[in-house]
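If you scroll down you'll find the structure; I have some questions about it.
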């Protein structure tokens, strides 16, 4: 309906490639490519027309190209039956794709210095972000972490796009042994960073957000909460997020996010309903109720 | 020859029999990004309570074969915000609003009903008696006919005369037909059936319940035969009572199945998650099926499964 | 390191926890064409009645999403032929026989139990309380705890001491946990759950019920979350009572899900129709999963979902 | 297990062809090819690994060849979602196939004259039967009926194999307008038929069986009752069949059939439980109970 909202398409697969531990699928989807802004994701129906797998699978959009009117690429690791099915697609197969979904990364107006931190496949949305930042004259530095070398994401293109690219692996099989946060302070200092962008597992994001706060840097984080619909309908993807009015609400990662301001997400309380969240059992006991009008549903970011 | 798609639910006439089910259509805004929501017969809103409610912790959902199990716990902004923000928006887009209400007792239900007059844009009140997702463990309203009747009586008493009140029942009530009868006797103008069935998934890695809430509600195409059976048996027992049928509607053929079993309208729930355009697609498919059969009015197929072979409409 | 797959069901030890479910494994002969039936933990026979029975007219079955709805009506040869032909054959092939019985009242159930001693090769008697497929419309035994208890008491009284008696319950009993409690109090040594849920499909062409019997029983993976939920809640209420879990078991991971929820064994029903080698495949998959997790004995995962996080066996 | 029982295989698709209104799929399945006898069928899992369509689809085996160790062909019309999915298979896809299933057509010891009557896709199993009969020196004459020309099955090969081939269509678009039974008396007389074999819709089989009885010819009919398992487990495919002891039982078309002796099937009572069937409500009132030992489960044929 709205011109920059998501669209649903039956998109032909252009290519399916292996990239280290990942699979990359490119689909022809001009309307998605045209609307896309970095940080947004798409969702794919899996299992075919008579699939017993009802729910769509969400994936970050990794690349968008103008070929064939507009193509969109996503990368994924085989994890369960849905991704296993996707890995078996061949070119010309049709995929049911919805996108672009979610709020994009906010881009700075000025050419500032940006450190981009990614964990595992969570690095995917940072690549189009890096390009967008570069187009605005920003300096980009990468810190990419993974469990092992083959899960480090697109090391070569990271090196190509960024001023510097630092890699960490849990087992030391590539780059520095350790976590992305171990390298973060040095990289932000060297780069004279003005802002941190991060995407990856929730625990990593929590550590990055905390580190950024310590370094007094603003952080934009893109969360990967399990999603059943990806379109804001089902309320399955909630995370506790502090709104501008100071109240914590259970925000939907798919439409209120996936990008939030780092300090707004209550990472320690993810997977719980904080006792002081709006509408938690007994929340009234301690708080002044926010005015009805003032209550923003989209409190995030 | 386009079939006449209008359908009646007690006093209310809908432009067509395809609705979005409560809790599966957001506030309407989310679906409006994919199609014009004024094209739907109606939209049932997420069950609203008096107060804001944070719901259950995540994980709230797990996929199961042709369905899912969920436990959201009725997260919502409360009636104030609903009346000031969500309902006016829905009306402004031409949506027909079936407002679903949930309470902790007959008084809370009644208070909600009082605040939902036709003038606010309420086309119908749907009484959610049986949400296994709600925080409390007991489901007295849903499981005990006398309790359900108390709630329905309170709502019918408090609601405006012109606003039909439908009671929404779960498929795993001890006896859905009994319960339906009790609700109708207590003044329900019609029935919505079915709500989710209790169920659970175990996480294959941790071997713990997959949902934070432990037991949740099963929905989706998996439950369709159970839901169709409930509608069929209720129609048999209460042939005059209008029913909104739901539970796994995925295609126009599924909608037709519910209509034939005795529903006057159908609601699409979980399938919206899988296919955000599902409601309008299903409406189109249903229309095509009726056309193919040479059916003039959608009402002609309502209850067809109860008529002897040969008396089936169309060819 | 092969995990120890033996499991106990009251007095009975099975070589492994994978069984074939009643009415879904024929007499054993049909599956024996695909694998050695002695490899199964046990085979539950089609519920046997005193007299031969022709069952319901066709159509008896319709496919539904990830499941089916069926109404066979307990077609079978009666206890005489069963004892002279089917049971000896099963024993001759090394099968462990769980004999399912169905009757029209406590007396008929008891009479059947009397004729099923251990010496005839009966490892267990399963009391089918709740077959929506049976000819009568009422399901009193399955729905009313006191009625179920009467039947179980009669069977336990008539059956040989050494033969465990399991009560088989439907998932859509008004309160499966209540019913389970009543059966155990009446002497059931364990529980089999779940039997099919009432449901129905409408034929898309005739718009009449797809089954000759109208309403039938829903089974298959579609009902798995409902079944797992029943097992989980029963285990919570009756932690000492052994349970045979069933309802849509399709893979080793599904079997593990039931075990974690609290079942000591699982039975494979509808999936045998889809995959005649399913039972042995599921057994192999389960064994592999336990191995991967470093589990020594299958018993260690039974009820794992009830233990606090971290107390889960294996890694 | 047993050496001539059915097997379950994951069989690669060799070819998918269109034949008039039908699709023909050939799979490589040596064990099925080797065990096959005419009249038997196979069943195919549809919709892929995570299909919501649980039940296998049964199809008559139309041809068996020695290539690639043994191939098996079946033909089908697209009817619903399962056959639609099958029609989209490509060569090298794997199918989950079980077969051969059911009791084959009994073959005469002597070189007698056989009339083979088929309706629509029901003609499929008659082709391997015709070959088997010809190998035994039998005379074969075909009567093939269908609703319209494009549904007449393999007219050319029928003409090639048989002494004569007569075609009937409901709309007269090919051969004689009318039903197969309209042609049956003439063909059996011309061919001096000793036996009739038939396969097709239940109503047609009933008419053929009645005509054969009138002509005092034995008939072997292969029924196509809806099947959920095809392996004898589920009791969904029952038809009322009179056993050698004179008792009617609800016999399973998949294992007790699909081939029955024509006069044994109570065609008028298909879709009912005849009041006098063994175990029908009140059957005892009128009948002497058959001895337990004497009660053959496989009473058919």
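For this structure, a couple of remarks:
The first chain written gets the first letter, and so on, giving A, B, C and D; residue counts start at 1 in each chain.
The working rule: contacts are C-beta pairs under 8 Å (C-beta built on N, C-alpha and C of every residue); 3 or more make two chains touch, one makes a residue touch a chain.
Labels paired with UniProt names: A, D = Dihydroorotate oxidase; B, C = Dihydroorotate dehydrogenase.
As the structure is a computational prediction, the values presented were derived from the model and not from experiment.
Looking at C-D and B-D side by side, the one with more C-beta contacts is C-D. Looking across A-B, B-D or A-C, the pair that copies the C-D interface, with over half of its contact pairs the same by residue number, is A-B. In whole angstrom, the spacing between the mean C-alpha positions of chain A (Dihydroorotate oxidase) and chain B (Dihydroorotate dehydrogenase) is 34. With centres taken as mean Cα positions, chain C (Dihydroorotate dehydrogenase) sits 46 Å from chain A (Dihydroorotate oxidase). For chain C (Dihydroorotate dehydrogenase), residues that reach two or more other chains under the stated contact definition are 65-67, 220-221.
In chain D (Dihydroorotate oxidase), the positions touching at least two other chains are 52-53.
Chain contacts in this assembly form a complete graph, since each chain touches every other chain. Of all the residues in chain A (Dihydroorotate oxidase), the ones that touch chain D (Dihydroorotate oxidase) in their complex are 46-53, 81, 85. In the complex of the two chains, the chain B (Dihydroorotate dehydrogenase) residues touching chain A (Dihydroorotate oxidase) come out as 23-26, 29-36, 51-61, 63, 65-68, 70, 72, 75-78, 80-81, 84-85, 135, 212, 220-221, 270-277.
Chain A (Dihydroorotate oxidase) makes touch with chain B (Dihydroorotate dehydrogenase) in their complex at residues 1-2, 5-6, 8, 45, 52-56, 96, 98, 225-226, 228-229, 231-239, 249-250, 255, 270-273, 277-281, 283-284, 292-293, 295, 297. Within the complex formed with chain B (Dihydroorotate dehydrogenase), the residues of chain C (Dihydroorotate dehydrogenase) that make contact are 62, 64-67, 69, 143, 171-172, 174-175, 197-202, 204, 206-209, 214-215, 218, 220-229, 232-233, 248, 250, 253, 256-257, 260-261, 301, 304-305, 309, 312-313. Considering their complex, residues 65-66, 221 of chain C (Dihydroorotate dehydrogenase) touch chain A (Dihydroorotate oxidase).
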